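So that you can tell them apart, the chains are marked A, B and C in the order they are listed, and the count of residues begins at 1 in each.
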Amino acid sequence: MNTLAEETSLPKESESLWGKAWYKFRRDRTGMIALGVVIFFMFIALGVWAGLWGSGWSNVGGDMWAGPSPEHWLGTNIIGQDIYSRAIYSTKTAFEVGMVVAILSTILGGILGALSGYFTNSWVDELILWLMGVLDSIPFYLFVAAIAYALQGYPYSMHIAMIATFWTTTARLVRGEVIKLKNFEFVEAARAIGLPQGKIIFRHIMPNTFHILLVQATIVFVGAIKSEVILSFLGLGVVDGVSWGLMIAESTQEVQAGHYSNFLTASTFLFVLVMAFNMFSDSLQDALDPKKVSA
Amino acid sequence: MTQPLLSVKDLVIEFSTQRGIVRAIDGVTFDIMPGETLGLVGESGCGKSVTSLAILGLIPSPPGRIVSGSIKLEGRELVGLSESDYRHIRGKEISMIFQEPMTALNPVFTIATQMTDVLMRHQGMTRKQARNRAIEMLALVGIPSPQKRIDEYPHQMSGGMRQRVMIGMALSCNPKLLLADEPTTALDVTTQAQVLEQMVKLQDELGTSVVLVTHDLGVVAQSCSRAVVMYAGRIAEESAIQPLFQAPRHPYSEGLLKSIPRIREEKLDELPTIPGTVPDLLHLPAGCRFVDRCYKADAACHQQEPPLEWQNNQAVACYHPNPAAGSNA
Amino acid sequence: MEMLQYALRKFITGIPLIIGVTLISFLLMVYFGPDKTYELVGKNATEEQIQEIRHQLGYDKPFVARYLEYLKELATFDFGYSDSTGERVNSILKRTVPISLALITPGFVLGNLLGIALALVAAYYRGHWLDKLIMGGSVVGMSVSFLIVIIAFQILLSSNDGLGWFPVRGWNVYSFWDYLRYITVPTLATVFVALGYNTRFYRAVIVEEMGRDHVRTAKAFGTPPGELLFKHILKNAMIPIITRIMFSIPLVVISGSLLVESYFGIPGVGKVTFDAITTGDQPILKAVVGITAVLFVIVLILNDIFYKLVDPRVSLK
């Protein structure tokens, strides 16, 4: 009775991992601020997608290398395009790459990792482990180039290459977790009542690895955005449209001539988003890690 | 009256957790006399291991903290001692054996390295002297062909052997006090008895005082002269072994004793157990901590925590204690 | 002898990996890759001329035969001639690999050593402001793109707008002094980027080792903090640390130097690879991919042997 007040404000032992995690996350100020920044960027990306802003990214509307002005808040680039619009539009590109790669590679890694972990010491596991070893051993840039060759300039070859290489880490983590989980009683029970294996793996075991998948997805998201920049710079990345990577690539000539706006703008957008996402990812891990005690 | 070797007085230890500050030890007081073996008994989470770690100054901080109280070794205050001063006590004057023999030794060093390091540090021995002393200790704890086995790695030994190594290592510097935290719990039953016997024998020979931390009253009966029963961070009862086993005064001790299966008694329908579970230290009941599980609880027990009261070398914290052995009350 | 036998056995188990890597790369880069016939034949070539070129390039042979030829090239370490310059691939590698190693090694070593040092400090002062500072710095380091770091460092240290202390591009190395001047900026950039990731990883490893039971035992026997950290904890932590370092070697040699070399115009193997990517120079790409795969298997073997040396629980069976 006298503990009722405390119980309403404190999470109970019986609450789920997710309830506890959300409770913990909400009290993590860094994590909340980081999430706010990420949501703000997502809002910008959605606005571009809806055509509300950033649509003038390809217009050649000004002088070459114009300084900041009311029409061009951050000046113009080498051929007179508005740097601000290009940076805003690139936010959409970044989210597109990040989301597509994160979601698909997480799904792929989750499924293959679960299969590999459930069927340890069978040919399925051997095959998946071999595939992961192979993909991890091919130099990343070469792999992207190879896929770009094979797909003959298909605009999504970069995405495909990233998905094909980024799923392996997720799969390894999920595999380890599934090996642990499959000896738990609820799995034995499911097996004892004769549930089909597919159902056991995907309905009973997989949901217990979602916390790994979520954290991995955020890590892959960051990895994808950072890789896009380098790949676009090398000419292996975004083919149509504009991205922070392409902006930095075109800025390399400009900085030699002493014009830094393009470089600084793209770098700042990229840095702030990646930093916020990294911090959000860290806080998420803290909140979801059941072993972690507050230090 | 002889001076106690170690005296713990009004010890309070708190841990900060996600959900708030937990008082793991709440006013614990007891003495250890030279040469005696004291049992520290209770269910898991009652604070017995925390108490023994606190004696060695090993409470992880943060999150743990000794809030108040004192721990005195031969009159010397240990609470608040600097880390570098404490190092000269650990392993030399007070030693500790841990519960998990499988993980308590460093897997990448040989037994020789681990034992000689301690001896060279505390006794100022050369490596050769230390090695001889280590072999001697291994022989003493009953390890066959110690000259050979000393160069083995922990993973090459069984759990029982490793625990013997731990005991040998702990006693190698002739400590005044040995803290044994569930030393036999992780071993199988036959090994348990052997290791325990070895420990008691050595303790007799060397005159070391021992604090035996355990949840197993059988172990206490076998090796201790006195026992402190702890419940949820406080002492429920303190008594010599004989009266404790004959006539436990605290209902909790009584319950613990009754729940030990006995062979000679006629078949019981059911093994008596203590109803309920150990309370969450964050949500302790008002009054006596044991009140929710006690068959004797009444209104008074809900009001205030009962103090620990002494009567003929037997102390009990209860408003309705069982009569003492031999008394007619 | 036992070691050699072991290494040999291990190499055989590594063959499926080599086959996998080469097969996938071959399939994507060569089989489905760009058709070079029309770059090599002249205008208005006759059907015979085209057939002749296709034969020279091996396009008329079945897939399996072409792939086996590739494996033979890898086994004999003879990759033929570059499509674009006509130089022997082997001599290109012989010229460029030493440059890449000279360029990458200092940054790689420094990045790992500094990472371990910072991780030890952070782990030792776990939860204190120093730890928070180091970990905060790591997140910042992890969030800056390698490309941005390279460009920024070049502007700040090499360009005329900045300090102008170091050469902007190229590799005119004739003395040790030249060498230092040319590698400083790339090395600083590499260290800056690697440090965040390394420190975080190593700190996690060390913190985990610090929580082990045997560390508490060592503490309970009066082990001083320095000995505890450098002897008891670090020796156990060496296993994951060395594994990470070893497995990053094959990728750092190719991928790590690719960006730096192409940006700074340094004629190492990364630059050659990048040029081969843009021109579709298949013999070079085949060589680079094949060698990386073999390097991976070698690292796998070395890593296992190293395990054995550090961890007595592992046997070479």
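We adopt the following convention: a contact is a pair of C-beta atoms (placed from the backbone, for glycine too) under 8 Å apart; a residue touches a chain by one contact, two chains touch by 3 or more.
It should be emphasised that the depicted structure is a prediction, and the values quoted were computed from it without experimental measurement.
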item	value
Chain of greatest Cα-centre distance to chain C	B
Chain pair with the greatest number of C-beta contact pairs	A-C
Centroid spacing, where centroids are CA-atom means, of chain B and chain C in whole angstrom	53
Between chain C and chain A, distance of the C-alpha-averaged centres to the nearest whole Å	24
Junction residues of chain A, two or more chains touched	295
Residues of chain B touching at least two other chains	62
Residues within chain C bordering two or more other chains	127
List of chain C residues in touch with chain B within their complex	127, 212-214, 216-225, 232, 235-236, 310-313
Footprint of chain A on chain C - complex, ascending	16-17, 20-21, 24-25, 27-29, 32-34, 126-127, 139-140, 142-148, 151-152, 155, 159, 161, 250-251, 254-255, 258-259, 262-263, 273-274, 277-278, 280, 285, 288-289, 292-293, 296
Of chain B, residues touching chain C in the complex	56, 58, 62, 83-84, 86-92, 95-96, 98, 100, 103-109, 117-118, 121-122, 153, 155, 166, 169
Residue ranges of chain A in contact with chain C within the complex	130-131, 133-135, 137-143, 145-147, 149-150, 226, 229-230, 233-236, 245, 248, 251-252, 255-256, 258, 260, 263, 267, 270-271, 274-275, 278-279, 282, 295
